[in-house]
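Chain lettering (A, B and C) follows the sequence in which the chains are written, and residue indices restart at 1 in each chain.
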Amino acid sequence: MSAATEAPPEPAPAPVLEVRKPPVRKRLVPYWLLLPGILWLLVFFAAPLVYQASTSIQTGSLEEGFKVTWHFATYWDALGEYWPQFVRSVLFAAVATLLCLVLGYPLAYLIAFKAGRWRNVVMILVIAPFFTSFLIRTLAWKTILADSGPVVSALNSLHFLDVTSAIGLTEGTRVLATPLAVVCGLTYNFLPFMILPLYTCLERIDPRLHEAAGDLYAKPVTTFRKVTFPLSMPGVVAGTLLTFIPAAGDYINAELLGSTDQKMIGNVIQSQFLRVLDYPTAAALSFILMAAILAMVTLYIRKAGTEDLV
Amino acid sequence: MRWLRRNAVVIAGLLTLAYLILPNVIVMVFSFNKPNGRFNYEWQRFSTDAWSDPCGVADLCGSLGLSLQIAVWATIGATVLGTLIAFALARYRFRARSSVNTLIFLPMAMPEVVMAASLATLFLNMGIQFGFWTILIAHIMFCLSFVVTAVKARVMSMDPRLEQAAQDLYASPTQTFLKVTLPIAAPGIAAGALLSFALSFDDFIITNFNAGSTVTFPMFVWGSAQRGTPVQINVIGTAMFLIAVLCVLGGQLFTGRRKRS
Amino acid sequence: MTDLATTDSSGGDVRLTGISKTYGSFTAVQPLDLTVPAGSFFALLGASGCGKTTTLRMIAGLEEPTTGTVELAGKDVTALPPYKRPVNTVFQNYALFPHLDIYENVAFGLRRRGVRSVKKQVEEMLDLVQLGPLARRKPQQLSGGQQQRVAVARALINHPQVLLLDEPLGALDLKLRRQMQLELKRIQTEVGITFVHVTHDQEEAMTMADTVAVMNGGRVEQLGAPADLYENPGTTFVANFLGTSNLITAEIAETGGEHLLLTAGDAKLRLPAARCSASSARTGEKVLAGVRPEKVALAHADDAGSIPEGANRLPGRIKDASFIGVSTQYVIETPGAGELAVYEQNIERDGRLVPGAEVVLHWNPAHTFGLSADQDIAAGADVDEEAA
């Protein structure tokens, strides 16, 4: 556009070797597009994390105010007091993630390859529950797993609960207020986050690859192990991350379906922040949780070998 | 037995589907319950009382209205800001690209409780009054990344030659954007907006930290889990579920018919 | 839109002056001057990455030239954005708008220029490309050939002064491509608009264009009518890229007179002095003597006596023979000139011409062309035709 001013006014016989550059205004366009959204994230996402970091090394009380005293001991104290909740969070989240994978894979596979004209219907059934508040749906599990309900009586008569009691998942003849109930709730709540990325990944696999594998002497099980599953790895990685991260920080399921013995780290942060009003401890716990998750995720992505998740 | 083995995947998939749907069925059935006492966890007898008077519980419909209001504004805000970022990322090369990508990715990889507590710390330290605005700010913040991801994927898969073709056919940059770029990116933007709405409407953890004494619908449900769960909660949940299913089915029928004609 | 140059259907000429394009340190197009006469069908031919598409995009305004100017019908349009140039493009892979139906795709340009009633024009144009009944389909519901015709209709309806075609037939299968080549040529003759066609397919360029510019490494190697380029290639690249050439390294033994006398190994060849493009042709210097495979005849060694007097001859042995249908293609191993290709029409096949047979190659010296020996003898020979 500015080239008009640079072009020579009269027809020159020799080639005009004048170099044009894109105008500065044009080069700034992406920055203008980014500005409002990035500013929003910087102010309301990044800055709070910095604030949080400083809070975690403050001491003081609500009445006198808090001051930065580089009191790193908060971290040690918090870890020392709440390590069982940390371990429990990671453990529950890991088990729930594994269950999500085991339960979700067949359904994603079903939608991608077997559903045919029912594909859309099944998809709707997977997504639609989202629109009922997840709190209401979690409360429904209280009814399903009620002590006198049909599910628990069936599990009892099959002696299933004897087995789970033996390995510490349940206590006596109850399911509610046990680790089993909390893991069950976590699995339920984050299952769609496993199914959707798995489905998107499986859907892109050319069904002819299955035929090719069969043609090359692979039994269905071998086809799955050697062809389908390796090709779905990006979906598996994305799905497990999308399940594990929120599950590890969750406190709804532990609160609604568990007892005081099933509290997770999310419960602790919430009560420290909103009830006890011990902000430094809440901040320190948040940071430990964040660091632990980031470390685990980085390690996991390295191992799984896919970094193009975004 | 052979039939069982051949259809093992289908059976396992359907069982998972049942696991996903079961709570919704329970919610629906118990919306017709008439419980004894304050909690609606055990079946007593059939009644349509709650359906005939869904707002019959104090504060319930108020909190629902507030949640819808926040969801609408958060959707608009996150969609506008997120679409702008997505276009910048998909259409331009610039220096800060990878840092921007990281900043977009982090909120999605962060446990909600961490974001919730840090944002609340900021508001506390700034002395900002908790309420409608703090909730809205928080919701736009965590919805933004999802919009960027959805829109970016759509714009990236769009052939840049389409915009060049429009320019070649006498469309000015503005016309090109309005007549070609925007319509083609629309499904991505719509997906991002829909996701934002659902996330915002259903959010509890971040809202719980940043709401002060303001009560959104999820917070009302949370509170009632402690004080007593009115049947009306199930009515609202079931209604939302049915509306969503009907909207999707209607949309499917509409596009299906258009394709055939 | 008012400053849009007049768009009557007579073509305008395109004049590029000192135009070049660099991306960072990479030069896509070297400064070049090029004039495309009004109403002509002009082809830019070259392998992928030779700068032909970049040149086309600079004419369209989609790429801003680093240096130089673009003139359309005597008007400098270098500073005009694409939407203000009386030029339309048929894009590679067509770039049809997926959200609009065929009718709206074709009407797009007219609507942008504020034309009120587009119905009559659009219907006429759809009839011209025989797509009338499909007007309300979406592009993705059409076959490749139909999409291609929509892309042409969408551009032509605007009566541009120049129509630019960027590999318009690249995505079609061979048979359809041949059919569309004739179709496009017919349309061009009918509407009289200047066509500038970019392609990597030398056969396509030669079938359709009045004038072909062969591009290589961001430069125009040679420009001329198809037959002229084929018969008188000026460089080894053109000789090898346009069809196949036998290039023989030879030494000039004698100058003066109508023919140069060359020696290649033991053989003596004659080359018309007028057809030698080497800058200097003095005795003792090297030149490349070229001859097209179809101009060479094969005689079995036993029949060597029947070869006409004065023909260029080379003895050799058949290394390979492949039957193509209309012709048989031989590879002949010669002692003085390496491997040579010979295409023989299948009129009367000599049963003795099988691999291993001793033969004599011979051709009329008038078919020999001479090239400067200081260039790569294999340039342009192994270019992948499918890479575009």
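Keep in mind that, in the parts below, contacts are C-beta pairs under 8 Å (C-beta built on N, C-alpha and C of every residue); 3 or more make two chains touch, one makes a residue touch a chain.
Small disclaimer: the values here were computed from a predicted structure and weren't measured.
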Quiz item: Which chain's mean C-alpha position is the greatest distance from chain B's?
Solution: C
Quiz item: Considering B-C alongside A-B, which chain pair is linked by more C-beta pairs in contact?
Solution: A-B
Quiz prompt | For chain B paired with chain C, centre-to-centre distance based on mean C-alpha positions, whole Å | solution = 56
Exercise. Take the average of all CA coordinates in chain A, do the same for chain B, and state the distance between these two points in whole angstrom.
Key: 15
Quiz item: Considering chain B alone, which of its residues make contact with at least two other chains?
Solution: none
Quiz item: Can you list the chain A residues in contact with two or more other chains?
Solution: none
Practice problem: Could you tell me which residues belong to chain C and also touch two or more other chains? | Solution: 81
Quiz item: Hey, which residues of chain B end up touching chain C in the complex?
Solution: 159, 161-162, 164-173, 175-176, 179-180, 183-184
Quiz item: Which chain A residues qualify as touching chain B in the complex?
Solution: 29-31, 33-34, 36-38, 40-42, 44-49, 51-52, 55, 103-104, 106-107, 109-111, 114, 120, 122, 124-144, 146, 148, 188, 191-192, 241, 245-246, 248-252, 256, 266, 269-270, 273-274, 279, 282-283, 286-287, 289-290, 293-294, 297, 309-310
Quiz item: Residues of chain B touching chain A in their complex?
Solution: 9-10, 12-17, 19-24, 26-27, 30, 41-42, 81-82, 84-85, 87-88, 91-92, 94, 96, 100-101, 103-107, 109-115, 117-122, 124-125, 137-138, 140-141, 144-145, 148-149, 198, 201-202, 204-205, 208-209, 217-218, 221-222, 225, 229, 233-234, 236-238, 240-241, 243-245, 248-249, 252
Self-check item: chain B-facing residues of chain C, complex
Solution: 1, 4, 60-62, 81-84, 87-89, 91-93, 95-99, 108-109, 112-113, 154-155, 158
